[in-house]
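Next come the structures, one after another.
After this come two complexes, each holding subunit A, first together with subunit B and then together with subunit C.
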Partner chain A sequence: MTAIAPGTVPKSSRGSAARARMLRSLLPALSLALVLMAIAWLNPRAISYFGFNLMLNLAIPIALATIAQMFVIAGNELDLSIGTFVGFVGCVTATWLRDAPLIGVAVLLGSIGVYALLGALIHLRNLPSIVVTLGMSFVWQGLAILILPKPGGKAPDWLLAIMSFKPPYIPFPILAALLIAAIVHFGLMRTSYGVILRGSGGNAAALRRAGWSLLKTKIVLFALTGLFGVLSGMALIGITTSADANIGNGYTLLSIAGVILGGGEFVGGRVSPIGAVIGALTLALAASPLLTFMHIPPDWQVAANGAILIIVLAARVLISRRER
Partner chain B sequence: MKKLLVLSAFAAMLASGTALADTSGKKIAFSNNYAGNSWRQAMLDSYAIVTKKAVEDKVVAAADVFTTADKEVPTQAAQVQNLILQGYDAIVINAASPDALNGAIKQACDAGIVVVSFDGIVTEPCAYRVVVDFKDMGRQEVEQMAKFQPKGGNLLEIRGLAGTSIDDAIHAGILEGVAAHPEFKIVGSVTGDWDQTTAQKAVATILPSLPEIVGVVDQGGDGYGAAQAFAAAGKPRPTIIMGNRQDELKWWKEQKDKDGYQTWSASIAPGVSTLAFWVAQQVLDGRKDVPHDLLVPYLAFTQDNFEAALPKIKEGGVATHEYTQEDAIAAIKANIKQ
Partner chain C sequence: MLQAIADIVRLDGAEKHFGAVRALNGVDFHVGAGECVGLVGHNGAGKSTLMHMVAGTLRPDGGQIAVRGNQEASYSVARALELGIRCVFQELSLCPNLSVAENTRINHPSLSGLGWRRKAADLIQAKLDEIFPDHGIAADDIAGDLSIGRRQMVEVARAFTLTREPLHLVILDEPTSSLDAHTAGQLLSFVRRFVAAGGSCILISHVLGEVLQNADRIVVMRDGKVVAADAASAFDRDKLVAAMGGAGEHQKAAAETRKVAVGALRVRARPARQQDGKELVARAGEIIGLAGLAGHGQTDLLLAIFSAASRDRAGIEVTAPVALVAGDRQADGIFAQWSIAQNIGIRSLQRLRDGLLISPQREAELAEFWKKKIGIRTPDMNNNIYSLSGGNQQKALFARALGSDAEIVLMDDPMRGVDIGTKLEVYDLVREEAGKGRTFLWYTTETEELDNCDHVYVFKNGRIVANLGRDELTEEKIIQSSFGDTA
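Let's turn to the complex of A and B:
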């Protein structure tokens, strides 16, 4: 064993660490480019304004849910209820937000408040977030079914108008993804409180000694998760036009996979908003358009979907192993 | 005059010939949200048999099947959008939700794609719906019962999965039938979820509290379970309407061989997917008069023909029927008349 004294890290190893770090931040973009190239090769028609609109518009709610998940992961927690929460928001959006906007807004704001309270509860009682949010997932699902026992409802017209907005040259989903990534990147990576938020996951003890309230950071992180969960649900209903109590159930695992694919880590407050958005887009593209364009026999399609996800995520794990 | 007739007949033949050729370059996709039970497997099998032949006969250029990995609505919505991008001319769909896919369905219609839904239908007005007349099936159950039990008597009803439109429709039909045959009276009702085990448990629970039952009206997938419950309770065997499941028809045959037991069996044929396929083909063919809501007959077996069908059904499977182009044309015609 060779002991290396602090401060005398060989230059070459520092250089390779930097290279690995760069590779890691480039990896999400790289995997997205790969998936896009595969799609372009399989179906050139998809690479067009119309094509991107169709392929990516359902990726916006996934990206928003991934950002929501990223905030809790930044605080070393996990949210297993984000999927059913998105479904709950969807049901509220398709019913109350249209028929009685005031009640709808109040309910949605209230649900963000519930998320903030969950953050407080998890911190104060020192509960595992997985258990608390797993329980909450059934609460949200139950509420969603109460609001909308049968599929139906209709999205508010203004929401439909926003989600079907057709800007010139750049397809709306891409514009939205850029916007989401830019705003969250600025807020979490470039502001001083953003550093504190990430620090609460990275080194909580140091933060507490420096006099920061960990209760407050946890509440803020969970409230932000609630906020982006609400945005995700609304965006989803803006696209589907109508709701279903089970509409968001698949988002829980997709959002976690998106964060990890985007270069995030489960612990240590190491997350990347831009990576998370790219990760969500990659997953959305790999799971559906790529699969559809590959013409796999129906018996194998379900398995192939899983295989694609594993391949995409495995590349990410290989890179991060090299880093260590 | 005769010459003219022959000529016009020839012209008609020619016209129909070209009409058939019209769809030879068209591609039809099948968007399916679930493949995990015997009914869905039979649905896919029937679809594969019919479309393979249709492609070989150059009726259509392609008929591909796409099944989503989960039962989620957004996944299928994304799938429909990808099928639009793929350049399909028509999409046959068994949908995860009657309403929540409407956004994607509308996009497909706007792109000029014909959308035909069946079983799990979509409510978007631009799409076509192939609906089985479940209400008539319920009514017919009581009609048939009246043949086997002319004296009338007490009936037990087994309901399907609560909150679904299918359960609603069959139930409404049964009530109508009972109203038309006052000699029958429904004295008990249980929920069987279209599942033999659930039905058996439910029937066994309610049996001790019931007077003598002459017949069981149900929704399919529950008849064999009901028969087991009656046998276990030592009660006399009533006339149980069957639902085309292999175990139900097998039990029926055993009883028939023993003492000439009579009943009737009906259910939606999984092969209705092939009818949806032919409807899509007809619309692509340029037919403008196809109604957007098509009510089609269910698949029924009587005392005389069920034994012939039994060997063709897989163990644990459901009886099915592959529809032909003529069937679709006939169904469209029948619905225009209404």
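Let's turn to the complex of A and C:
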């Protein structure tokens, strides 16, 4: 019998699958580049140290919230409460964390613990996370209003100092985005336990058969969501200097859109931290700077924002479908 | 040495119930060191349940498990792994979103710390090279991008990788179901080497020849009990089939020459990579086989024909409605949330319509007709499709295709992992339907199934390399064409 390499034919089809994956992973960067080019064309002066600082002002909290959302999505769940949670954290940061730091820290750590418990509850009772977190969103909102009935409070000075840091040459938001992406990429994509976390979204039954605890992976994923939600709320207050119970409400959908824009998928444990951060930056830029430069009146900006989101996400779907 | 110590694992009086169903009814089973035990039986005979017990994924409701002579009171997956017992399950259990190396890491808690990626990649690469030379799989390939056969190769190789935990017994549940003859042979000869070196193995397979040739001892199960157990040399094919209680004789009915009246042209198709003039021609009433090594363009051609039925494609002519019976049942065949009746009716919605809505009555009639005709074993066709065993799920998918208006039925290796009784029933049905003028295009990795075909096209590298009529059809010819140099 003449031995032939059985790899000849399927290799090409696998090559095209790899190419499709490559293209998909480049798509977030492409859409960011496109938005940047549009801004540069409309207003060349915006592409500067000062301009980026201004335009990406809110990108850090959005990126952190997107990373938070990405962790639950990695485990095939969805967090509809991240927006109001960010608002709650903001209210705690602008009040207790400044006036009584010990209580503030305890409350924030406790809220991460609540997230971990939610993960346990969702796993043990086999509840849909959408229902549980939708309920929790009202809880966080209510707590936030209790803490801060009217807009106000003030961020702790150390937080203001951090968020107004001006490094040489590279604008702070870009530096922070790089740092967040690198740390989370290493933790989730390169470490050996990160593999287990992503595997729990890919094929939970296989993981259980290999002797891993799915309860633990779910708790860890939700706790990480809580942690990054806390960081997001604190970063937000560090920029805005004072809080409002409704300050984070838009973040729920922004964070989900950021994950998907960044190449993540709702099920199957396919997420990308670098993509998620890029997706968040794209959304932050497309949100107001681009629209303002396009002379779209503020009344129409929210709608235009939504339209941009649909176009970018549709492009993603089209490209991945054609490659298939 | 005492017999009890020489046993890697021993189960005494194992019982398991699922509600009212007794899946295992007092089974005694043991595997010795350096022994390959073949386990055969119909789908639903309790083989998988028994293996889940040995692997620690299911707790027995009664009976005892002893490993190396020690009673195990709280046996679990973790404990089984610690004792060196591993299982390759029938359903593919790789994480599709992870790379081959990362999937290896999942089974080895000790692959951690600095440099674990390199270690995991080297480990799986070395094992793949050892079992399947020329496998063409890289450690950083994403599992979901691999073909089903390659995924199975990774899974098998992964079970034999060695880190901190010992390795004494590997359970292989249908390990060759998605492999072509060549890679299946590589795997089985590796299993023999493993056993010769003192390892133990349980081999579950519906391909009886594999079990007869490779097992030292064969255990036959039926209705949750062990009905026969003896040295492999004491069995032959007929004895095994008889012990399993399978449909005994009509095996060779297939080989009887079927009279084929040459009907109208149904399909004329040239594979996209075909350079010479060879093309596939199928007429009404014919059963056409597509053979060759797995993944050499057979499925691609079937899918091309399928899409050519709804819009024009160059090089392919299709003259009648088409239905496809998928090979990867879970991924491409079944609507998991739907009932059996809905799963059957989906291809025939036009006919089931009553005004704008689907008539539940007509849907139920269609389902009931096929339940009787094809013998789907269920108390109620409104049960969820997953309440059926694997073989019966596949029957439901056949019913979907045959119950439709399709005159051409494309079969993409649909009998993978199906028990022999079901297979024989389906073969009869296919011949009967062909007699009524339907055309079947049948891709199969099991050479025996080609006996049912009037014509066989052998594929290699995406091209047709041979066209064999029924009288010139032999296994040697097919192997020759699939391995020979392309003309």
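Things to note:
Heads up, the rule we're going with is that the second predicted complex is superposed on the first by the 307 of 324 C-alpha atoms of A that agree within 3 Å, B and C clash if a C-alpha of one lies under 4 Å from a C-alpha of the other, contacts with A are read in each partner's own complex, and residues count from 1 in each chain.
The rule we apply is simple: a contact is a pair of C-beta atoms (placed from the backbone, for glycine too) under 8 Å apart; a residue touches a chain by one contact, two chains touch by 3 or more.
Given the structure is predicted, the values throughout are model-derived calculations rather than measurements.
Of the two partner chains placed by superposition, only subunit B is touched by A:302; subunit C is not. In the superposed pair of complexes, A:247 makes contact with subunit B only, with no contact to subunit C.
By the touch criterion defined above, A:102 reaches neither subunit B nor subunit C. Of the two partner chains placed by superposition, only subunit C is touched by A:18; subunit B is not.
Touching subunit A in their complex are the following residues of subunit C: 55, 57, 76-78, 81, 87, 89, 93-98, 102-103, 105-107, 109, 111-113, 116-117, 134-136, 141-142, 145-147, 150, 180, 182-183, 293, 295-297, 460-462, 479, 483-485.
Chain contact summary for the complex, subunit A toward subunit B: residues 43, 45-46, 50-51, 54-55, 57-58, 61-62, 149-153, 236, 239-244, 246-251, 284, 287-289, 292-293, 295, 298, 301-302, 305-306.
Subunit A meets subunit C in the complex at residues 1-11, 13-14, 17-18, 21, 190, 192-193, 195-196, 198-199, 201-203, 205-212, 268-270.
Contact residues of subunit B toward subunit A in the complex are 32, 35, 44, 64-75, 77-79, 81-87, 96-104, 106-107, 163.
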